[in-house]
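Presented sequentially are two complexes of chain A, the first with chain B as partner and the second with chain C.
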Partner chain A sequence: MIKFFLMVNKQGQTRLSRYYEHVEIHKRTMLEAEVIKNCLSRSKDQCSFIEYKDFKLVYRQYAALFVVVGINETENEMAVYELIHNFVEVLDKYFSRVVSETLNLLQSIYSLSKL
Partner chain B sequence: NEEGCKSKEAEIKRINKELANIRSKFKGDKALDGYSKKKYVCKLLFIFLLGHDIDFGHMEAVNLLSSNRYTEKQIGYLFISVLVNSNSELIRLINNAIKNDLASRNPTFMGLALHCIANVGSREMAEAFAGEIPKILVAGDTMDSVKQSAALCLLRLYRTSPDLVPMGDWTSRVVHLLNDQHLGVVTAATSLITTLAQKNPEEFKTSVSLAVSRLSRIVTSASTDLQDYTYYFVPAPWLSVKLLRLLQCYPPPEDPAVRGRLTECLETILNKAQEPPKSKKVQHSNAKNAVLFEAISLIIHHDSEPNLLVRACNQLGQFLQHRETNLRYLALESMCTLASSEFSHEAVKTHIETVINALKTERDVSVRQRAVDLLYAMCDRSNAQQIVAEMLNYLETADYSIREEIVLKVAILAEKYAVDYTWYVDTILNLIRIAGDYVSEEVWYRVIQIVINRDDVQGYAAKTVFEALQAPACHENLVKVGGYILGEFGNLIAGDPRSSPLIQFNLLHSKFHLCSVPTRALLLSTYIKFVNLFPEIKTTIQDVLRSDSQLKNADVELQQRAVEYLRLSTIASTDILATVLEEMPPFPERESSILAKLKKKKGPGTVTDLEEIKKERSSDMNGSAEPASVNASAVVSLKTVLISVVDEVWKFVCKNNGVLFENQLLQIGLKSEFRQNLGRMFIFYGNKTSTQFLNFTPTVICSDDFLNYILCLNLQTKPVDPTVDGGAQVQQVVNIECVSDFMEAPILNIQFRYGGTFQNLSVKLPITLNKFFQPTEMSSQDFFQRWKQLSNPKQEVQNIFKAKHPMDAEITKAKIIGFGSALLEEVDPNPANFVGAGIIHTKTTQIGCLLRLEPNLQAQMYRLTLRTSKEAVSQRLCELLSEQF
Partner chain C sequence: MRKERMPAPIRLRELIRTIRTARTQAEEREMIQKECAAIRSSFREEDNTYRCRNVAKLLYMHMLGYPAHFGQLECLKLIASQKFTDKRIGYLGAMLLLDERQDVHLLMTNCIKNDLNHSTQYVQGLALCTLGCMGSSEMCRDLAGEVEKLLKTSNSYLRKKAALCAVHVIRKVPELMEMFLPATKNLLNEKNHGVLHTSVVLLTEMCERSPDMLAHFRKLVPQLVRILKNLIMSGYSPEHDVSGISDPFLQVRILRLLRILGRNDDDSSEAMNDILAQVATNTETSKNVGNAILYETVLTIMDIKSESGLRVLAINILGRFLLNNDKNIRYVALTSLLKTVQTDHNAVQRHRSTIVDCLKDLDVSIKRRAMELSFALVNGNNVRGMMKELLYFLDSCEPEFKADCASGIFLAAEKYAPSKRWHIDTIMRVLTTAGSYVRDDAVPNLIQLITNSVEMHAYTVQRLYKAILGDYSQQPLVQVASWCIGEYGDLLVSGQCEEEEPIQVTEDEVLDILESVLISNMSASVTRGYALTAIMKLSTRFTCTVNRIKKVVSIYGSSIDVELQQRAVEYNALFKKYDHMRPALLERMPVMEKATTNGPTEIVQTNGETEPAVLETKPPPTGLQPTSQANDLLDLLGGNDITPVIPTAPTSKPASAGGELLDLLGDLNLTGSPTPAPAPQISQPPFLLDGLSSQPLFNDIAAGIPSITAYSKNGLKIDFTFERSNTNPSVTVITIQASNSTELDMTDFVFQAAVPKTFQLQLLSPSSSVIPAFNSGTITQVIKVLNPQKPSEIGFQDWEKTDLRA
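And then the complex of A and B:
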């Protein structure tokens, strides 16, 4: 099951967040900060799956933007990894260029909920 | 309408201005038209998403729901999906709007409504719609897109409120959706079925054959067939993965035709992995590999086709050396589960060198961890020594966060595969040396247990530990282990002048002051054991015990031990000393607590399942050791920290008769009576077998500080006939005198021989402080007067706790009376509360006690207040009574 879907930039600002299970608002900010910290400290030699607490993070970097998905053990990591790419491609086609400044939030959320 | 704001303050100002504007428009006299409403609601939503709180606009959003224009409806739904509100009036309106849209037969509107339900998924919505949605899902005239949404919506509702989604006729029709032409519908249905099948496998059994044929068609399709669903030349990868997941909810198909088809399909997937790729793009290989890994997962789950398992293993073996870290990681993880299958275990072992290499060279700690897990999983007698050596090597430089787990694993492997126990002892001592901080109690308790149980390794252990202690800076855990072992077996090396008794003692004592309190306590025990083993250094030890730093030590435990041991060494004759300090008898064989600890650490997951399989698979366990001679006389023994004690005391707090303990061999029953500060307990031992018990020795021992104990509770028993015939019952009488208030229940230790085995068990005797409680009737006035008198905060103890049993007033009253207190009616102004009073009788004093129990039926909780003149008594009584409700 996908627990959450985040798009965070290198400065640590959350551009898009979607939670699929209930998480308190103040816990969300903590979670997002920790998650981006984990991702930023990764190098090229390391794999795209991070073991975090009792679940996993699958992340993928696109220029200055990180897409991070939290999953539990029922999901196939590789499939989710490609799902991220699929989503980014969809956004790309829809908005012609995925750049964090011009991300149209409403539409992104809408497409995400459709996916 | 994206604002290009320069600074945060400017942004906030701009936003506030906008909010004020919108607020006034909403409150305004003239009704807003649809377009404006939509515009402002949309703006509000946008502002919210930027991170500002919005507390109005819900009503307007709800209004938009009833519009007939798609764009207006869309914004309305979007708003309420994101800004969920728990206002019940609004919820009613929202549900109403949704209901209308669901019934509208307009697929776009139905879609919007379903999405909203899926995204919010609240309990109220579930209650309102969980019955409707299955109908929509399986209706013949529902459009594909709506079916998709309905399936996912139902999935969401099931996840949040499973009880509101009952199984019914619709389930078989949902299974048929797997055959739908529209792959989107199939995908959604597969997700739904996979979750539902976990709790209701029977209902969805028929999905297996449909899933297999579907998967088969996808995998063998040409690249032009599934146009919309082909991703970088891979046909429907996510759907394939989902179908493979669904199949993992069930065992291998029974129908040979279906099974054959599935095997073919899996072989095709494995074959494709070997073919040259259709595209150089990484997305292509990722998608292909996603399907491949899931297929391997299914093969492992079925564990029935040796051919497939070996092929899977080889494929994974290739990935172990792949360029891409992701693939190496996933391969290591997958191989871990593969290692436990008997068909592929040997095949997995062939990769040991690659895995060891990964351990040494991988840059990513998660990948190294997978390598450790895999080594652990593939370990057996043939490679145990090599694997343990590699893991110890790794431990030297491992991340701190994973050290404890590695320590536990090494300890388990060393014990399991030890042919020669000297190797085992060496390994554990190495563990302590390398990662002493992470060697938990369970690990070093275990090594002591094993050394005690095995005569052949005791001398070696003593020698090795002695040598290890010579190191200038050794870990405290080593001192603990060393102290204990030398205390028990130091005599085995005392003959050698290099490890004479005095040298041993000095060595240990040199570490004494560097250690923490618990370690020092252990060392003191070792010293008194030395007094017994080596009378020639008795005076040296006595001098140490006598020194001020011991006798006047700030820590109570240390001071007590020093005093007691000193006394013991002076007054006891050599015989008594020898009996009291006799060598520890072997421990009963039982499951290692280390395994339990590892399970707890890892939580649910593949590695711990391996434990179960490993246990079943393992060839021979430690052979049960021959027991040393049993202590025949009833004697008080010292801290028996390592034997697990059965604790059923709480059951007997409010009653005096019943069965205290039962296993296949023995039943222990109790019947007791108490009066004032005296009591008498009859213990009945029943031999449930047809064979005699020999050397039957029940002993009452005190758990902690025995001298202190005798001052509180005086127990006298007569020894029991040591032979108990099959089917017979023997009785033991315990006379009890409560001298002063006490906290701990005494322990009954029973040892006997049954057949060829030696039995040893310990169970707590339910002699609790409240047994000496006499009820005292008193008037309301008296009660409150005394209550006020005991108003010192130390005299009151309160506990607020959740009710463990149904809160029945009559039962509660009975329990309070059974506890020993008087139940005072019409004293508390609140009739629902319970009030009690009584006196604890001890030989030396009488302690008045008052109690008040306040139930909260709504919250299913209680508040219990105890007031007595002695803090410890209030504490103990509160503790005992809280457990009863």
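And then the complex of A and C:
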């Protein structure tokens, strides 16, 4: 099951976040900070799956933007990896250019809900 | 009075732009607070036109982590509006801001109900989305009927959303599952992939929750197989294509459902065999997508009752994954192999060399997986080779792995060691490379292991000595080494080693190193305890340096560390007053019984307690531990308020026992008073002589001899009651009752009595040998004493152990 879906830039600012489980607001910011710290410290040729606390993080980097998905152990990690790419492609087609600046927030959230 | 009109609220996009220009966190907070205030006043004005814009901005701020609860009611108002744009934002806000914890969410129920029956499918879709996202159980119960109706509609856009909503309803209210059953009949007949996908999710959820449903849906297996086949065989379809594979997400979902259906069921597994083999061989592996599908296939094959050919195919796929350059794939392969190594051990063994190579990978996740898998693969045949690799890994890995790796190596070495020498060598290697990461509970295990390999003592102590000569900062290493040097120091000095070149060590050098351990700042308190006891033990094994030892021991009598001080003081007493007992006490440890180790070590057995018997006329039960071990075990157990024990000698001759006891009695102040004389006070906390009661007993001719409390110390109380035997007036019958007011049971309570030669003593068997804690019971024992002559004295002695496991 997917626990959350984050898009964070390299400076650690959240561009988009969607939680599929209830998490307190202040815990969300802490979680996001820790998650992005984990992902930023990885090098290019390292594995995209990180074990974090009791679930796994699948992350993918697109230029200055990190897309991170938190999943539990029932999910196929590689399928989620593909899903991230699929999502980014959808956004790309819809907005014709995936750049963090012009990311239209609401549309992204909608697309997420429909995925 | 003119109401001042506020300027039109800014758009969301502008807000985002403004916030992004903020350079510091404080600046951002300020901007957001200003905007929040503007939004709040706008809400108060009940402005319909701009409400949607304001809520959108509020949602953005909520996402950044700022509180936005005042927008909840506004969301509800938006949902109730007729405009689609309003509804859209309203529902989105509801999904993000509301959940069942808030009371207002129930107000939405009516709105959603109306919208579920709306004429526009998009509005219906919105309502379904929201319900499927945050519906509480009450809402779900109310609206389940509507959802079910929509599940049967012909509109595929709505059908797929309804299916997902149904999944959520089932999760919240499992009892409603039956309601959706009739609707599922036709779900798989759809052409639309969206509907197919969500239907499969719905079926998966139902099967996972209820075994009845599972049995019911097994008949769908042929249909699922057919769908999967079509997906694979069909040509290029632009709608569903992802990197050359047709709808991989649906394929993965179907495979997962097949896994659930085929588990533990032969027929279904039989039906799936072909298609699984087909997927496994036909899927293109050049792209990640193909590998994702293969991964899911492998998991399915492993989980169902597949035939062995298929399983071998699966493991080969995993082996191929391992050789792939892509890290993700290797990680995934290692994870799956770990799951299957229990069942298909031999097949996985074939890939052992690749797995061992992965230990050298740079990636942390991969290294961890490879390490776990390597430990699972160690067996009798490959233990030497694997250990070499694992030791090398231990050397070079990150600190977070070292503890686990060390424990794993110990376990594997214990199970599969080809020879004792190899075993000890391996342990030494671990201690020297990762000494400080070894878990605390490993130390007693190692000590026991060393004790049990009797022929290796000289070799072991020599190696340990050499190891700590250079560096005594690694605590577990130093602890084991000190213990060994204490025990086998004589072997060390005499240069008896057969296995390797014996080194020349003098007694002074050995004492030097032990003293430096004591002094060093790096030594933990436990380690110091080990060292001090080791020095003490050497007093019987070394010949020329006894004075030096005495000096060291007396210095520590005033140490600040209470533990150390107590030991030193006791050892001092041993030197001064009880020197004749010292050799017996500090004798070589017997071979210990193996405890069942499982994770955190179960402390081997009971430890000696406060009142160990110096002299035992009975053979000692197993489990007499040396002081250091007992003390450290006590420490490990989190301390006890029981004073530490001194090592007890395994056996001693009864003849001398009596003599020594009487000697001791001679020291004591034997008065004629029947009042209990407490155990003679020696300056240090009593240990040895607690067991002795100096209570003289009068065979008084007077009829009633008052009962006395012979002994009351450390929670143990022993009462004597006397009476004359009816049959023979020279016989006095003494009934002793022992009770225990501490928190721990005292086991193996043994009462002994020694009498002068003119007496005859008969000890009847006690009622039990365990005194339960908290005065909840007593042990009774009857003693008959025949004194044909004048009154005299008898000494009594008791001895018991406390079971620390209590």
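Side notes on the structure shown:
Here, the second predicted complex is superposed on the first by the 115 of 115 C-alpha atoms of A that agree within 3 Å, B and C clash if a C-alpha of one lies under 4 Å from a C-alpha of the other, contacts with A are read in each partner's own complex, and residues count from 1 in each chain.
Following the convention adopted for this analysis, a residue touches a chain if its C-beta (ideal position, glycine included) is under 8 Å from a C-beta of that chain, and two chains touch if they have at least 3 such contacts.
The structure presented is a predicted model; accordingly, all values stated were derived computationally and were not measured.
Once the two complexes are laid over each other on the shared chain, residue contacts for A:54 go to chain B alone; chain C is not touched. In the superposition on chain A, A:46 contacts both chain B and chain C. Within the superposed three-chain model, A:77 lies in touch with chain B and with chain C [touch as defined at top]. When the two structures are aligned on the shared chain, A:86 is found in touch with chain B and with chain C. When the shared chain is aligned, chain C comes close enough to touch A:26, but chain B does not.
Annotation: chain A residues 45-51, 76-79, 81-83, 86, 105-106, 109-110, 113-114 touch chain B in one complex and chain C in the other.
Only residues 14, 16-17, 22, 25-26, 28-29, 45-51, 76-79, 81-83, 86, 101, 105-106, 109-110, 113-114 of chain A touch chain C when the two sit together in their complex.
Chain A contributes residues 1, 43, 45-51, 54, 73-74, 76-79, 81-83, 85-86, 102, 104-106, 109-110, 113-114 to its touches with chain B in the complex. Of all the residues in chain B, the ones that touch chain A in their complex are 2, 42, 45-46, 49-50, 78, 81-82, 115, 118-119, 159, 231, 237-238, 241, 245, 283, 286-287, 289-290, 293-294, 297, 325-326, 328-330, 363-364, 366-367, 369, 603, 605.
In the complex of the two chains, the chain C residues touching chain A come out as 12, 16, 20, 56, 59-60, 62-67, 89, 92, 95-96, 99, 101, 129, 133, 242, 248-249, 252, 256, 288-289, 291-292, 295-296, 299, 327-332, 362-366, 368.
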